[in-house]
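Labels A, B and C are assigned to the chains in the order they are written; within every chain, residues are numbered from 1.
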Amino acid sequence: MSEPLRSDQRCLAAAGIARIRRKRARRRWCVWAVLLACLLAGVALTLMRGQSFTPPMTVLRALGGADVPGVGFTVRELRLPRAVVSILAGICFGLGGVAFQTMLRNPLASPDIIGISTGASAAAVFAIVVLSMSGPAVSIVAVVAGLGVALLIYALSWRRGVTGARLILVGIGLAAMLQSFTAYLLMRAPSWSLQEALRWMAGSVNGVQLNQALPLFIALLFFGGLILSCNRDLEALRMGDDIAEGLGVRLTATRVSVIVAAVGLVAFATAVSGPVAFVAFLSGPIAARLTSRNGSLLIPSALVGALLVLLGDYAGQFLLPARYPVGIVTGVLGAPYLVYLIIRDNKSGGAL
Amino acid sequence: MVLLLVVAMGLSMTFGARDVGWSEIVAALYGQVETIGEAAVASRLPRTLLAILAGAALGLSGGVMQGLTRNPLADPGLLGVNAGAALAVVIGLAWFGIEDATLYIWAAILGAGLTAVAVYAIASLGRGGATPLRLALAGAVTTAALSSLTTAVVLPRGDIAGLVQSWTVGGVGGATRDQIVPVLPFLFLGLVIALLSARKLNLLALGDDTATGLGEKVALARAMAAVAAVLLCGATTAVCGPIGFVGLVVPHACRLLAGSDYRWLLPFSALGGAVLLTFADVFGRLVARPAELDVGIVTAFIGAPVFIWIVRRRKVGAL
Amino acid sequence: MSSPSLLVHDLMAGYGERAVLDDINLTIPSGRNTAIVGANACGKSTLLRTLSRLLVPERGKVLLDGHSIHRLPARRLAQQLGLLPQSPIAPEGITVLDLVSRGRHPHQGLFARWSSADEAAVAEALEATRTTELAERAVEELSGGQRQRVWIAMALAQQTGVLLLDEPTTFLDIHHQIEVLDLLVDLNRMRGTTIVMVLHELNLAARYADILVAMAKGRIYAIGPPEKVLTEQMVREVFGLASRIIEDPITGKPMMIPLGRHVACEPSRDRVEEPTKNTPGAELRTWSDRHPAR
């Protein structure tokens, strides 16, 4: 600050950086638009291609309600629900995952790693195998258990306040315990419920109904809105707790609302599709690469999540030699991503 | 410690789906299998032996890993090493059709070794090196990825699904002498290397630079310790399946007894691991009578709270 | 921008059972540059953390313009009180412009759009710290000194009347240390911003601060202008170090020279005081010699 700026100089400088900002905003919109276009293309693809090919116009007519023989049922009852649920679940996983990763400042700390999805699955398997439940009841148990486990993790890591590191480690510890519990249940399961439980565990959108999409959609509106309203506070949190607090972020309030919202999203999605492995984990980092860290990651990650589930499901059905549920496809995708993490130049690693 | 082990062995012989008297045990140990009780004991003998061996190996390997990574949260289960061993065995079964027990063990050790290196590499990425937090996270992520791969390999192969299912929970039940004998050389080799590396671990605990300054070849010391840890937990996993948390809990408990000198800590960890696993096995047989709880589940339920306790006790900066 | 007043009243604070600060009463002079000095673990960082609301005190209050800072709404407080912790984390890949813009966080409502006032504040902060040319660079590519300037720019964009800094010069070489401290003095003089910083280096603190606060064992040992606070007795009692205080021949501020074990204490004093012509120490007289009244 050698000299105070004259007002015209100041205007000039402000105009300069405003130009940079506009440029970056334009690029951001570009990435969003491309992602959205990919998603739409993906939807079109899954609606048209299945065991048989349906021409686009026929799909449109079938969606419009026209009774096209042989196609109406396939498109409306089989392909459409699948696509809708894939997208909704993917958005939920993507948003929930990136919210956790951002808040905990660690790309590895997604809800599927630190125990929340594990809690939901353990409860669901328990409900299926031991309590012989099925259908919506299982979903409710899964949602409640997911929230309960999140609460437990938060409580156990409370020691004069919660730190991200402790939260993650406690989560991993609980996850390991819950995993062995689930494995035990599966081993003891009678064969009829084993099938159901295994299908659920793998994460799959096989045979979903359109009415399952409604609760998911409501959850997405509610919790997704909550997360988006915390967007700015989340961005401040990325610079560390002290700085964020210095900038006027209420740490506990932000943490609690982000956790509740993210867990809600993940638990509801898990309840419908099962724990689709790694979508929550992968969406954020992929979105970060795509946007080259330009602006908030929430929306791009949601889109990436939707794309992952949609295309993963399609690949699992038609592109691979055997039919795999979507969870296996995305799970296997996670492994090369880890290898990529290793190969990538060593400068980052700590942050998202 | 030794006394505790003897007690544990006694209990392990005595309890089970059916309780037996001392006279029957003694008779059975001399080779009689006339009464049901004696037969029960005869089947419990290899099981107890396996629990002792596996516990000792896991405890030792956990101790070595904690020293090697200078990281209090290192454990073969948490670091994904068990998952790596499981995947390797499954691939061996599904694609190469291996049946020989020794090949099994080699596959498991190979998988364990590769995973250990990969996890450590992921954790050391970026600034600050492999902190306990990063190591645990990298392990959890790797475990998740490897489990998915395992499922993907198994899913189209209905014929081996049953075999693999038993791999998801570790247990020592149903062990036979034929299963135990092939791992013995591996365990023995691992034990010797681990004990030889104890002095080096003492130096590594001071940091790489200081260790080099004190005349230690750091790379060699690390390699030695890593080979020992991988041999021990790989071989154990090959026989028992993944048993978590023993390697985490035991060295911590032993540190309270034996201090932080690895020359004492490692033997203590081996003994402690044997005691813990034998007790856990007996406990698993008792709570769910007449069925049994696999020992892997028991250790997870003992271990996870201890893990959380360790995490809570430490300062945030140290994570 | 008028500076709000910052006042500490009967403060006790610490971590859990252990009280680090006890019985602290302190008025931070507004519009001045204050440096907190003291030995390791004397509570100076804890004091700064309490001043900046990161730590809730066990007893007592920190008052900003008469309001307890732990009661004020977080956002309103952040509009008046800025803070730069010791080693802040820059998110991976973030650009300088983005980072500095984050400083506007407390001035933006939930749905408020980026305003021209925001833009002007960011532009000015960049200009003041001479980081405008770096605006599009990623923070992690910068050198240590540049990075510290960018962080200060972020705090400037926050446009607060009070700025608290925890060891802003650690890990910087001497050139960059001076650069950062010069910048803070500029800021204080031109905007009237009240600056409170924890500094390790006694001589830099004496040179750059208007007011020194010396702390020992969780209490305030002395407060006042450097000429009054930096004395041989203070250095001995606060740092446990024998020293000599001389006058900096250029700025006229007091300067501490540690003695250590290898300099015999008394003879050296004789040597300094003896006005022999050719010894380099000849013109350097101790502070107390010049001001015998104290």
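Keep in mind that, in the parts below, contacts are C-beta pairs under 8 Å (C-beta built on N, C-alpha and C of every residue); 3 or more make two chains touch, one makes a residue touch a chain.
Labels paired with UniProt names: A = Iron ABC transporter permease.
In this text the structure is predicted, and so the values were computed from the model without any measurement.
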Message = By mean C-alpha position, what chain is farthest away from subunit C?
response = B
Message = Just to be sure I understand: the centre of a chain is the mean of its C-alpha atoms, right? Then which chain's centre is nearest the mean of all of them?
response = A
Message = Could you work out how far the Cα centre of subunit A sits from that of subunit B, in whole Å?
response = 34
Query = What whole-Å value do you get for the distance between subunit B and subunit C if each is reduced to the mean of its CA atoms?
reply = 52
Key: Interchain centroid distance [CA atoms averaged], subunit A/subunit C, Å   = 44
Key: Multi-chain contact sites of subunit A, meaning residues that touch two or more partners   = 347-348, 350
Key: Interface hub residues of subunit C, defined as touching at least two other chains   = none
Message = Show me the residue ranges of subunit B that touch subunit A in the complex, using the header's touch definition.
response = 73, 77-78, 118, 121-122, 125-128, 132-134, 136-142, 144-149, 151-152, 155-156, 165-166, 168-169, 244-245, 291, 293-294, 296-297, 300-301, 303-304, 307-308, 311-312, 316, 319
Request  = Within their complex, state which residues of subunit C touch subunit A.
outcome  = 15-16, 52-54, 74-79, 81-85, 88-94, 97, 99, 102-103, 105-106, 108, 110, 114, 116, 119-120, 122-124, 126-129, 132, 135-136, 140, 155, 158, 183, 186-187, 190
Of all residues in subunit A, those that touch subunit B in their complex = 106, 108-109, 112-114, 156-157, 159, 163, 165-166, 168-170, 172-177, 179-181, 183-184, 186-188, 202, 277-278, 281, 321-322, 324, 327-328, 330-332, 334-335, 338, 341-342, 346-350
Remark   = Within the complex, subunit C is touched by subunit A residues 1-2, 4-5, 9-10, 13-14, 16-18, 20-21, 105, 160, 229, 232-233, 235-236, 238-240, 242-243, 245-250, 288, 292-293, 347-348, 350-352
